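Chain IDs A, B and C follow the sequence of writing; residue 1 opens each chain.
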């Protein structure tokens, strides 16, 4: 009786919200706060622009919660049409061939024009298969950049408009900052995994794993314990001991942000999407923005950085009308005005060249200095297999392993080579498990 | 496990009384639990397309993983510490409040407040309090020469999660201890006082034994809490780190199952965890319940 | 309290005040933090004194909650949270007290098995059950319904166990007296056992209300219809930002607001389980 009543109530509610039998397209996402507000706006504007389809965004929690919800729903045949999945879940989604409706195929089947070349190659490259077919639509992508404290630079006798370009300069600048007392530590970093290991490898055109960083198949093996990565991790340890570097914490490294805002550390490295937050929270100082540093003795022209963030995946099992709606919505999302608006409001990267051009012609990047650091960094050079991105199964757990080994390194329990070797070994086990399960 | 000496004679009434709870339990607990046990013997992709029976592979792998075996010890340390701290403090507060008459209500409200803090929020609060840059506790600790950093120091991290986990439970234990103490009849206490026992003696001779059913209940519930419900606190504070020093069994289940979507392994871990707690509980019932005075 | 010992009373108060300060410290910090702006919280040691943004933060909470965010109105979310908490509390207490009564006061085949089946529910971590439980709820057509939200949460063993413990302490004479009077089991239950269980029921009301009130994960999984949003879900959503800055001051303000109703319940229940100046004879 309870069930009948609630089913009836639900049906009434549902019919009240759908207007003139517009086909509903459910979209599960993980954007809360201001970003969620903007996302709702985007969906609403699409709904208002036509009357055949209605995109219904549903907030399902954090990224892992949303993914779990989508999987649970799929297993119970209750899945949404679109789900936003973070980059770490790419391996899982790609392996789930029966569950996923690749975007390129969807657009082709529905007759919507979809030109992969109009997208920023490094952004879509992450989400394409080895033939260049785009599997999921990039929606909110970011890349790590360097933020620095101009006021502390000045106090330390450094030029506030000049950010360190190489790791050697980072070391020099940090030494000056600490010894002059301008700040307690030189630099810190969020995301040791994403920034200091994955992006490190990409920038220097070194492989993170075999088979094109995992794009080529499930029988890939990790290779991030090469000489470059060992050197860098050893440096980080050395710099920590010398008081130049401070650890920001595992995963996203939340402590890094507080250390930067409190002016304890003069430099931090974090996602470009945090730019708005940095500007807001840097109460007493002027923040500067710069590309990530590199080792000039390892590479003279660093490659593009790789992206993080999330994309929109389409799930199987819905009817044709729904998929038509999805394709229309995706076409709408890829329009330059929509992209430019989203990118400028949120700080995420624009995904099409046209959107970037639009922003340029609007003078947005001049009015907001530093907002194109991320775009320029991601577009420099030609992407190589090592800088396209990473695609590994069980990647969330692999990152946990990398974090743990780094913590062991900082605590002095292992040296850099041991830590990275151990991370590779444990990571490979996880890869084999993923391979066996799929 | 006993019943009363005298019982009612109805044949069908007990079944009727039990039916609602049993029905819900069977449908919404036992059946999913069975699924979980089943998937601990399988290797499955997250979406459920391919399910391969692998027997005891997951279990074997767990037993051979030194990190997993280490987490047994960590979990034991954590469980004991949290249970002892939260029960002792809960009891002390309850005894204290029980002595008072007028201010009892005020103190009770104040002391139960921590329990009302949603787990979603509690972890964040501890992050703020212990943050090595902006937290006030590291600030005061630095006066004692202690450089607090739970992102690098395993011992600090363990202390942090013990405090964070015990904190909420203190309120819970306090509430039930108080309820238990309040139902000790005044006449008993008065008689003892007339006989000349002081408050301390009265506590040990009367209150404590009469509290023993409550104590037993709280003991089991607390152990359960530490073993199962603490993953969100750990997730919000140390995330199992640094270097796994706070990676207790239930957090591993959460990491592997929820974050890693490795259903087979996390099911196996849950089954093992469940077996451990069942054994613990049976032991508690057999050996500890003897000393409970009903 | 039997005799008057002023020194001991003084010590008691002192201990309680200290205890309270320590235990309430995080809550105090939350309240303070909710009166500052986000920058202060991120950039310096969390202050110990209130700031000046109290009104601004709290009005932001109320205005942020709007259809523009896809969130239903604050009153609706509060009502949902309230319904969940109350239904779960009442449901759990009713079911558990009946089960405990059956297990303690009757002898019947499978009695022990029934107890352990109920009891074992305490011992399986929720993350592992959550997907299979979701599937069952979906298969029964209970998604996006009050039934699906509440029923799976209602059969926990804690309350049953508590009542069992309590019933075991009730003197045999009570029951024998009832039988002598010719009273059947349900009459005994209603007239004698229930009143005696008052203090435990009151304590459970507090605990279970809070339990139902703070539910986040299960409602999030089981509903997609925003009209089922609870306060916890709304709060988390307003505040959780994956890649950007989290406005801690708003998080704290929302948490403080969410803490208030449980406090009201605690105060309300005080009447029932703090022994008054009159006796409660057994």
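One rule holds for everything that comes next: contacts are C-beta pairs under 8 Å (C-beta built on N, C-alpha and C of every residue); 3 or more make two chains touch, one makes a residue touch a chain.
Just so it is clear, the model here is predicted, and its values are computed rather than measured.
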Where chain A and chain C overlap in contact partners, by chain label: B
A-B compared against B-C, more contacting pairs: B-C
Centroid distance [mean C-alpha coordinates] between chain B and chain A, Å: 37
Between chain B and chain C, centroid-to-centroid distance (C-alpha), Å: 15
Set of chain C residues in contact with two or more other chains: 42-44, 131, 236
Two or more partner chains touched - positions in chain B: 134, 258
Junction residues of chain A, two or more chains touched: 68, 71, 75, 258, 262
Touch list for chain B against partner chain C, complex: 1-8, 10-11, 13-15, 17-18, 20-22, 24-33, 35-36, 89, 92-93, 96-101, 103-105, 107-122, 124-126, 128-129, 134-136, 139, 167, 170-172, 175-176, 178-180, 182-183, 185-187, 189-190, 193, 199, 202, 210, 213-214, 216-217, 220-221, 224, 228, 231, 250, 253-254, 257-258, 263, 266-267, 270, 273-274, 277-278, 281, 294
Chain C partner contacts - residues on chain A that touch it in the complex: 2-3, 6-7, 9-10, 13-14, 26, 28, 30-37, 40-41, 57-63, 65, 68-69, 71-73, 75-78, 80, 86, 140, 142, 257-258, 261-263, 271, 273-274, 276-278, 280-284, 308-310, 346-348
Residues of chain C touching chain A in the complex: 38-40, 42-44, 68-70, 130-131, 134-135, 138-148, 217, 220-221, 224-227, 236-247
Residues of chain C defined as touching chain B within the complex: 1-3, 5, 8-9, 12-13, 15-16, 19-20, 23-27, 29-30, 33, 41-46, 48, 95-96, 98-99, 101-108, 111-112, 114-115, 117-129, 131-133, 136-137, 151-152, 154-155, 158, 160-162, 165-166, 168-169, 172, 175-176, 179, 184-186, 188, 199-200, 202-203, 206-207, 210, 213-214, 216, 232, 235-236, 248, 251, 255, 258-259, 262-263, 266-267, 270, 273-275, 277, 279-282
Residues of chain B defined as touching chain A within the complex: 43-50, 52, 127, 131-134, 151-154, 239-244, 255-256, 258-262, 264-265
